[in-house]
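In the two complexes below, chain A is the common chain; its partner is chain B in one and chain C in the other.
What follows is the complex of A and B.
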């Protein structure tokens, strides 16, 4: 009977994907590749077909690519109905319909939610509207920022030294622009990689001419009489004159449209099982709603079954493929999403990559190379095993460490490695900030699952 | 032609930067920067780069075994 339903769905069912970016596109391709012959609809709030975002803060700002032309190549023909430029505004789980901003409704038999995240805006709206204040998430953001940077501003001010903010700082320096970066933590990248590695990133910035201000927050953006940003006020009472401000304070999950739907969705994302099926607010798994990409949070066996939200490019691809496969497969053929988290960044000519979940790490060992040379591999340990690794200009070693994470290798590491230095023989505290304090967008959000953490309360709208 | 590089896979072997230097460039010792929209006259060089990548990290329209037919209809819809 259930198998009959899956057969019917594969032949003539209706699948709707909300979110037309990387995860949505790869899911659509997987559905078709695995034989889905029914009706496929992709809904996206931006008026563009799926495009790649990582180049927007790297190649685009370096003038190597056009912000308007990062569209993703398609792996295959997907024969889909596109509803672009119209946001989904509501979901009726009982009637199985998605409501759209233009008043239309789209019916589905199975739904995939891949609405991702958006840039967290500057909280003071009048200041955020000043001319010269930018976010960087979409291709329109990138086009506007690039144009302004090319015009040669006197100083660019970047709020937040996470990966995105640091990449923008790097591009600005390469364009010969004066840059100030303000970070609440003690160093850049601290939320994602901890204080030890953050100190290396700090040196990298200052040596490349960035005016880096740490342990400060921005208290106000000041505009001139015609509404252009003119200066930035900091918590240490200093004032920095700047004509471009880039707000890089991490991201917010696009789940507001699900308010009142009964789905287990909130500021931390949409909870789903390892097979990408969404939970409803009661913690009961749904049959016909799946989740993938930045907006999902799912339990991971390698990391203590913690619910992980991963804002990683690779996760969007891998989770979309699993979700799509599971949407059109009977229970016995479904697969779990057990992708090992991995990401990359590039700044000031240094390639930074990571595998595993560094913010879970308590201690760090530099097992290859040296921090001083900015060419190294650091291994993070958690409760006696290897949980993550980071590399600066040493990417070819990471595959080895990924296998160590997968097999739960003991920490401190016992093996000898190439280019092991005395400084790497003993673990040191990885120095992550207290997770209960707010931070600028770490790229992994740990959202533990403990009965004492009852922070999300569902109140039905009717 | 559209292309994307899986930079999780990329290990900076720089084969693509030698074979299609107008599309790919190394930035520092192992970071790759590339133009996701290559000119049509780069097709042959791009094909060589896709084939030569030791970790098979490059996906390009019509060059990675995906259907060629997928490429044609889309360019027309893009007015930019």
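What follows is the complex of A and C.
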């Protein structure tokens, strides 16, 4: 019976994908590639075909790429009905219908939710509306910011030194603009990579001429009489004059439209199983609703079955492919989404890449290269295991460390590696901030993580 | 068949024309270790993993310590090791400086801007076949083409080729495991002297460029003062020797193996004639199917490594047989079939990891242009003998001559 249903679904069922960005597009392509012949609808709140976001904080700001031409390449024809520029506003699980902002409703037999995240706005609305205050998530955001940077502002102020904020700071410096960056934590990137690596990122910024202010928060944005931003007030009572402000405070998951639907959806995303099936609010897995991309949060066997939310490009692709496959496959042929988290960034001429889940790391060992030279591989350990690695300008080594993570290799790393320096002989505390304190969002969120569980247990390697 | 005889057979010149059945045999023992010999790795994933493994060293000093004197001695003749025989951080520094005059981010258009020039050189060589209806592809095309290119790129006078060829040949022979096994001290001395003399020859050019820089890589190498500082004169010479040799020896084989393979699979030769764009896929599949570097014999491990349950002790020599991994049925469907239409043409033909082929963008472009032009211009080409006679070398494997008959030029 169940097999009959899947056969029917593959032939003439209706699949609706809410979210027309990277995950949505790749899922649609996978559905068609795997033989789905039914009706396919993609719903997206932006009026554009799916486009790529990583260039928006890099090449686009430098004028090397147009914000209007970062469309994602299509792998194949998907023969879909596009509903672009109209947001989904509700979900009726019983009637199996998605409600749209224009009042329309779309019926589905199986649904994929890939609504992703949006930039967290500046909390004070009147200040956020000042001319010159920008978020950076969409191509419209990037187009607006690019125009303003090109006009040569006297100073750009960036609130938040996560990856996005740091990349914008890098682009500004490359354009020769004066930049101030404010960060609540002690250094840039600490939420994602910890304080040791964050200190390297801090040096990178200051040596490239960024006015970096750490352990401060922004208390107010001040406008001039005609509503243009003029100055930024900080918690240390200093005031910085700036005519462009970029708010880079991490992201919020687009789940509000599911309120009351009965799905297990909330500020941390939509919980799903390793096969990408959504949980309802009772913790029961649904049959017909699947989740993929930044909005999903799913358990990972390699990381203690904790629920991971990953805002990573590669994760969006991998999870979309698994979700699409599972949507049109009988349960015996379903696959788990066990992608090892990986992300990259590029700032101030340095390529940064990470694999695994650095924020789980208690300790860090620089197994290759040197922090001072800003070319290194750092390995994070958690309870005697290798749990993550990060590289600065040493990307080619990370494949090896990914395998070490996958096989649960012992930590500390006691074997010799090429280019091991004296500083890399012993682990040091990775120095992550207390996860209960707010900071810019790390790019990996561990949702089952409790500060009280933090303890050091080392298993000797031999 | 014993293992000892298997490794011996692979390096034995008698099996040069088709080592692939031996590689298939080799893969049955994915970590092969003969008494006193290297650990030989032949499966795709194992090789790929070890190319990214920071416990594997390329340092000539480690190789010497592992007892492979024949391989390491030529490096100890006054010229320091080039970056192919070094580990980080020295490797990284020298390769970055070399790359700053070759590829992105500093010179993103250097290779692409040579496209027209490469086409002209190829056209000139094919026109030079004249009225003959039979050629030796190696001597008349596959060798002179990349030599001319690397000479122009580096700034080495093309007319000096007979001089430097006399030094390059013994150096390249020194890379051949079979030759080295039987090598006497005279042979080793010859290889050492050759490297020194090639270095001295290049020193003359480097001195000229120091005084009067031109638009070439030798000038860039001596004038480079980026964030990594400058190379010492000895480093410039070692790097130049490496680029000059690696810049043509492997490409000769890629082009010759390519034409041989296409003549054995004429349907692709025909398709390439109609669609030069197919050359991209053809060259990638060639790098898998007939890689110009068959194996990497210069690695050691600096810690114990376990591969498929076999512990390779610290200090061991390791051979990575790229050509065997490229035909691993665990990785490739129907691996012995030449199929440029494969869904995912990936290969170990250009290596991987930090030592992956420095000149890859140039080699790819040269082979793409060479093969598509040969396909377009030779009317009804066919092999005169199959298999052709091969070069001695088991590492840099390719035909010594490739006689091709044809009915005319288009």
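By definition in this document, the second predicted complex is superposed on the first by the 448 of 462 C-alpha atoms of A that agree within 3 Å, B and C clash if a C-alpha of one lies under 4 Å from a C-alpha of the other, contacts with A are read in each partner's own complex, and residues count from 1 in each chain.
The definition used in the following text is that contacts are C-beta pairs under 8 Å (C-beta built on N, C-alpha and C of every residue); 3 or more make two chains touch, one makes a residue touch a chain.
Since this is a predicted model, take the numbers as computed values, not measurements.
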| item | value |
| --- | --- |
| Which superposed partner A:186 touches (first chain B, second chain C, both, neither) | neither |
| First, second, both or neither for A:367, with chain B first and chain C second | second |
| Partner chain in contact with A:344 - chain B first, chain C second, else both or neither | first |
| If touched residues of chain A are counted for chain B and for chain C, the larger one | B |
| Partner chain(s) touched by A:69 [first = chain B, second = chain C, both, neither] | first |
| Partner chain in contact with A:260 - chain B first, chain C second, else both or neither | neither |
| Which of chain B and chain C A:396 touches, first, second, both or neither | both |
| Where chain A meets both chain C and chain B, residue numbers | 396 |
| Interfacial residue positions of chain C with respect to chain A in the complex | 48-49, 52-57, 59, 87-89, 92, 302-304, 314, 353-354, 356 |
| Chain B to chain A touching residues, read off their complex | 1-4, 6-8, 10-12, 25, 27-31, 33-37, 59-61, 64, 66-67, 69-71, 74, 77-78, 80 |
| In the complex with chain C, residue positions of chain A that touch it | 367-369, 373, 375, 377, 396-397, 399-400, 403, 415-419 |
| Chain A residues within the chain B interface of the complex | 49, 52, 54-55, 58-59, 62, 64-66, 68-77, 313-314, 317, 342-344, 346, 348-351, 353, 393, 395-396 |
